[in-house]
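Data block below; observations after.
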Amino acid sequence: MLLLQSVILGLLLGGLYALLAAGLTLYFGIMRVVMIAHSAFLILAAYLAWWTNDRLGIDPLLSLVVTVPLFFGAGVLLQRGLLSRLRPATLTMMSVLITFAIALMIEGLLGYAFSGTQRRIQLGYGTASFDLFGARVAVVKLIAFGLAAVSLAALYLLMKRTQFGWALRATIQHRDAARLVGIDTERTAGYGFGLGLATAAIGGTALSLDTTIYPSLHWHWIGPLMAIIVVGGLGSVAGAAAAALVLGLAQSLLQIPMGATWAQTVFYVALFATLAVRPQGFFGGRLAQRF
Amino acid sequence: MTLTTSGLRKAFGGVVALDGADVEFVPGKVNALIGPNGSGKTTFFNCVTGMIKPDAGRITYGGKDLTGRAPHVVARAGVGRTFQLCRVFPRMTAVENVLAAVRPGGLVHGLRSAHRRAEIERAHGWLTRLGIEHLAGAEARNMSWGQQKLLELAGVLMAEPNTILLDEPAGGVNPALLDRIGTLVRDLNAEGRTFVIVEHNMDLVMSISDHIVVFDRGRPIAAGPPAEIRADERVLGAYLGV
Amino acid sequence: ACGGGGDSSSSADDPIVVGISLPLTGDFSEPGKGVQEGYEAWAKITNDKGGLLGGRKIELKILDDQSNADRVVADYEQLIGSDQVDLVVGPFSTRLVVPSARVAQEYGMLFVEPAGAAAEVFNQGFKNLFYAAPAVADDHYNHLAEYLLALPAGQKPATVAYAAMDDPFAQGTAYGLKKKLEAGGVKTVVDEVYPPNTTDFGSIAAKIAAAKPDMVVGGSQYQDGVNLIVALQQLNYQPKLAAFSTAPTNPEFAKAIGNKTEGILSPTGYSQDAPYESNKEFVEKFTAQFGKAPEEDQANGYTTGQVVAAAVEAAGCAEQGDCQQKLIDWLHGNTVDTVVGPLKWDATGKPQGAHMIQQWVGNDIKIVLPADAKEADLVYPKPAW
Amino acid sequence: MWRCSRRWPSGRRDSSEAALPNVSKPGASEAGSASPGPNVSKPNASGAGSASPGPSVSGPGASGAGSALPGSSVSGPGASGAGSALPGLSVSGPGALEAGSALPGLGVSKPSPGLGVSKPGTPDAGSAGPGRWLPLGAGLVLVVAILVFPSLAPNPYILSSGVIVLNWAVLATAWNFVGGFTGYISLGHGALAGLGGYATGLLITKAGMPSFGALIVAAILIAALAVPIGFAALRVRGASFVIVSIALVLILLLVFQSWSSVTGGSRGLVVPRPFPGMLRPEHHRVFFFLYGGLLVLALLTWWLLDRSRFGMGLKAIREDEDKAESLGTPTFAYKLTVFVVSAAFTALAGGLYALWFGDLDPVFQFSVLTGSYIVLMALLGGVRNLFGPVLGAIVVGVALEYFKAEFGSSPLHLVTTGLLLALVVMFMPDGVIPSVTALVQRLRKREQSSIREVTAADLAEQRKRDREEANT
Amino acid sequence: MVSEIELVDVQAGYGRAAPVLRGFSVAVPAGTVVCLVGPNGAGKSTVLKVAAGLLAPRTGRILVGGQDMTGAGPQKMLAQGVALVLQGHSVFREMTVEENVLLGGYTLTDKSKRARRAAFVKELFPVVGERWHSLAGLLSGGQQKQVEFARSLMVDPKVVLLDEPSMGLDPKATSTIFDQVVRMRDAGTAVLLVEQNARRALETADLGCVLDLGRVHISGPAADLLADPQLGELYLGGRPAEKPPVP
């Protein structure tokens, strides 16, 4: 019983991890950018959802209509204004620092605007749940999972099937060559980044449905997410999703014997194990070592 | 110091890059390794220098087994190499690039100054011999393709290996300089160094090498002096495209 | 005395500068601000009455420690060493109290603090420290433990689940009760500790719900308590009794869990309705000043001020140097009347009292224990939430 | 110079007309038969067809354009002032290098990216002098500053801030052993400091060791522990390494929070005072000097490595690890060694901090923020410079205090820190010191080229001379 | 007749450093192969980068089909029919050969044309077809070069700029490439070819241009340049042109 309940909780949690990690994978594997600020944007989106709900009484899911385009635009700006100006040779390293700086700024501004208090959306259906083979499934968690699943699928198709996906990957791998085949590399990279941030908007909203948020919460997220993308294989959206589900499940199950704190270490144990056994990741990322 | 391999095999997924290559290079001579694109020449170099581990087979150098040894071990055994996709230290100047090839020995040796007069002079000597003395103070990343190629060669020579593996030394190098590189190779060879040169420039190959090994599909199909190779049917078919 | 740099002789109209470092940002910023209001109310109320030592006004100098131990030490260092304040009082949270008390000790300053409730604050060997609240964390549930253990065998809860935040204070409350109940033969079926940054309580709740204990005890701050309760409710778990520290007394609490508060218990060190003499004045004037009634954090800040004021008046001095020892000595030997009742301390600065227990009844939270202070009867087993 | 004496002064025609020496397809008309120096027999063509539509390939039209080029006067030896007359084996680059290596052993780091004035190969007579003595001077200034600061500090608070800044300086310098030499950016060094602190504290409280003995033993222990950590972390490069380093912090945080029976968990660990009776101001003074000593030691070590062959190997790793390996540098051993050295210094700083501060709390000891501040400092000052991290630590350390004072009551200090970091990354990715020196250099010499320009003809000439020399 | 591409008195360089090109002009009419030779570092690649819009000139003008395109980026240049194959290796390493080749036709809107071209290049370079699904970064140096050339053949531009296309290629592939160059010329394309395989290139080209230190050193019909002994010594290598050894 407890086992089934934990499995369900783990999968629901893993779904959310998967969506968030997908965004990271996008910048990281495909664009060589280590986006430390991803989880900060996540929290920002969650705050926006909370804020619209709190002030305007709108259902947080509706805030997506605003946050997704907003974040997309912010991503484009971020890429155009900052990241594209970094030297290609040191892009990876410098992107760590610049996005770290952005994370700090977001955290600071959130703290300034909303104080450090923990916040939580109060939803009419917040405690609603239904029965599944004797286990309980909370409605809000299911909604979050659904959001994650849909956006992940869309992202995957976009990257693999569309001309845009190809152009994006080409841009990152050899900018000059990409320009020479006629790709507008500036715009493509910008859109790619925007896309990543859009996933943060969706993830943040999903997150806000059922947990507390506070400005420094993003530190708590970034570690597991980073671990997930390494385990999944840098650059592989599918790998990240698989790793996220597995690790989310593992975390949830390990909490039964080990308790919440120790269970969190599963991410890092998995990370180090991956590096020791298969540095390129378990689910993809053939050339990962070249980073 | 003879460099030999026996049964060297390396497959990448479905692609067999080296297919049981038995090769023996003539020590003290200029050896050439030729073959069509993708015949496994670079992979062969990579295996010999430890950059990748062969799936099977043995590599010996002067009787010593070098199979699967780390690249720096191979380098220290006296085998130096250049890369086909030329690799230099981009943010170092040309002199530093060459100086970086001086290997420290033990701890005390390692802590000695890296900028000693004698070595700097030696480095400049190499740059001069390769015709890029005028670039001594330039950072490698600001150099043209051919200049980098020459710089890389200077670095390898600075390390004074006994056996030098060159992967397409002529690629992108001005023909006027090529003569010079040819002379240089001959001179160094006269000093007792062994060369193994991968090259598609047949003029160069034919004019400087004493011994040619021809690769096709991951294994040697012919070996011998230039005149013989020039006349070999198999070589003509597989490589020269006649 | 501000910036006077060593001139300790103070004239009658010099303000008494009180240095405080508080977590106005960071993890503890919310309670930190509460304490700040308490201090401000104390300064205002005291000054309105003419100040201390015959007319010296109180001036607060508050620095932000960002909820960070490095900062809190630097703050007190600055307050004492650089700003030459006359008195210092404590910051918020046990984590910050210990390092700052050490600074005060090494400068020989009195250190009354509003928030270091955990046991280890008092075994550091501080001689200058006093906790200005009725009881330390471990003793918060004393009344509840007595009540439960006194129940007849059939009714007594048989199994209890504990979930506590990994924080000296929050854990202290839950484990104080745990120790007493276990000693009384009540079985512990779940004992979970979660890190302060936990936001997802699904798994913990699942574990508790699966064990079906009679009672659930949460060693919580605020939001974690809310989250845990919501998660338990999502799993439709109905205990006979549920006790959570701190969270249920928060004014936002009922709304945060969708008003499903029925029967939740909570210890509190302060009640707006408490009959103590100074309390009426405090509630009245605080409400006038801030437009809302004081909560526990505010009361703690105010109490701290009251304790310091009492010592200053009794010792007749307030400045750095020898005076500080006089203040310390006086507090060790005397009882101070405050808004949370009369306080006295043992040699380690530990107060000698217990907290009241409140319970949500209907749409209100009422004092149910101890019997002599109760506003309503404890409902047991509690109705479904 | 060369241009006048060569056979084909192609770059600069003497005629002033826009005489395009265009040579076209056979049959096409051609202009400028007056064009000097055409050595190629041209197809017979007539007519002044400067309007020639045919394909034309031409040099610069304007005469004198060549000689007006700034580049024309830039020839290495000329600028170096050393051996400029010898075109052949004239040692132009090493002028500065030789000088560097001939320096007395003191705190001078001319070679390569020391407190870089000019690139070593770009001898610059003007700046070589001060450049050579600058590090020594800066070192002396630093030592003097450390010695007098405590007596100048107006109150204990300032002194304690000084201790904090020195702590940052040691940490940033220690970080720079890995970050500066090998280019591996670690955001996890805060955790190593935390480990050093905890190890020191635990050795004192649990093993009953004397304070400073514990400090040394702790540093050795952490250095030993750095071997397996480095073994795992240094297997991956670039971004993966950054992730691993962040993960190191987070995992240690979890462990130290959870394993409360040993570490005290979130209750923290109280480290007994090393000088129990000492008053606080005196305590600060002692630790200020201890940190000062540690800083000087770290700087000396860095300097020693920087000029050594070992350091050269590390820098080669930074540039191209595979290439370095193929040149015979045992890259993994090198990386690991320098990581261990870095860890040892970091642990010493952390341990000293534990002794000074007295309270350890996992949340603060294992914080990503600490590591990031370290990186910010090193980067701001310049990672390729001996004093870069120190300068960065002073600037950021003081700025942190200042922001706190200025925006203390709001989280805006995070915003300002972030802004500062972003500005540094965007506009001074190499750090303050290199940016400033580059600026100075640019002001001094407007357009400089480190490349002496040589045509093929020059090379041929030179070669001939070499051959003659060899023959005689 | 206007030249397909014309560089007029171009000065160009990298960053703040001294200029690399110091007043360089070249014009390539349709159906002509102009070969640019010169020592390493002379600025040949820089010329091509400027011509393709990758590097903006400091002064001077770039005319494409008579139209002033100075300052236009590579995208615009490509739209005008100017294509460049870079020196060294510029395949998209972590994409398959297929993706690489098809990306060459990124600007093609006509799907069937893309497929046709793809089939054509596969035939031209057998290795491209053989390794259609492997990652391009895993091919050997020469194979990558072939993929790159194949990629550039996906469109048929009016002006083709080739930077040492034969570098690293075996004799067979080199021949294929030179044949292709001739075919392009015959189809009316303007080709600006940079080669270190200078004699071979000059044999193919109509016009030659020797670049040294960023200036035109000498220019003229390719055959004349080839015949000049001094040029031979300084730029083309001392040995006379030698045909691939045929017994």
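Residue numbering begins at 1 within each chain, and the chains themselves are lettered A, B, C, D and E in the order written.
We adopt the following convention: a contact is a pair of C-beta atoms (placed from the backbone, for glycine too) under 8 Å apart; a residue touches a chain by one contact, two chains touch by 3 or more.
This is a predicted model, so every value here is computed, not measured.
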Which is the least count of steps on a path of touching chains running from chain C to chain E? 2
Contact-graph distance - origin chain C, target chain D: 1
The chain pair with the larger count of contacting C-beta pairs, comparing A-D against B-D, is B-D
Using C-alpha centres only, name the chain that sits farthest from chain B. C
So the centre of each chain is just the mean of its C-alpha atoms; given that, what is the distance between chain B and chain E in Å? 28
Taking each chain's centre as its mean C-alpha position, how far apart are chain A and chain C in Å? 38
From the mean C-alpha coordinate of chain A to that of chain B, what's the distance rounded to whole Å? 46
When the centre of a chain is set as the mean of its C-alpha atoms, what distance in Å lies between chain D and chain E? 38
Note the residues in chain B that touch 2 or more other chains, in rising order. 90-91, 135, 142, 174, 176-177
By the touch rule stated above, which residues of chain A touch at least two different other chains? 111, 116, 219, 259, 261, 264
Can you list the residues of chain E that touch 2 or more other chains? 17, 38-39, 233-235
Considering only the defined contacts, which chain B positions touch chain E in the complex? 12-13, 15, 35-43, 84-85, 135, 142-147, 149-150, 168, 171-179, 200-203, 206-207, 230-231, 236, 239-242
Interface with chain A, chain C side, in the complex: residues 25-30, 33, 67, 166, 192-195, 197-200, 202-204, 206-207, 209-210, 222-224, 226-227, 230, 233-236, 255-258, 260
Chain A residues within the chain D interface of the complex: 28, 32, 34, 82, 85-87, 90, 92-94, 96-98, 100-105, 107-112, 116, 215, 219, 222-223, 226-227, 229-230, 234, 259, 261-262, 264-265, 267-269, 271-272, 275-276, 279, 288-289, 291
The answer for chain A against chain C in the complex is residues 1-2, 5-6, 9-10, 12-13, 111, 115-120, 122, 124, 126-129, 136, 138, 141, 210-214, 216-217, 219-220, 251-252, 255-256, 259-261, 263-264
Residues of chain D defined as touching chain A within the complex: 183, 185, 187, 232-233, 235-240, 242-244, 246-247, 250-251, 254-255, 257-258, 368, 372, 375-376, 379, 410-422, 425-426, 429
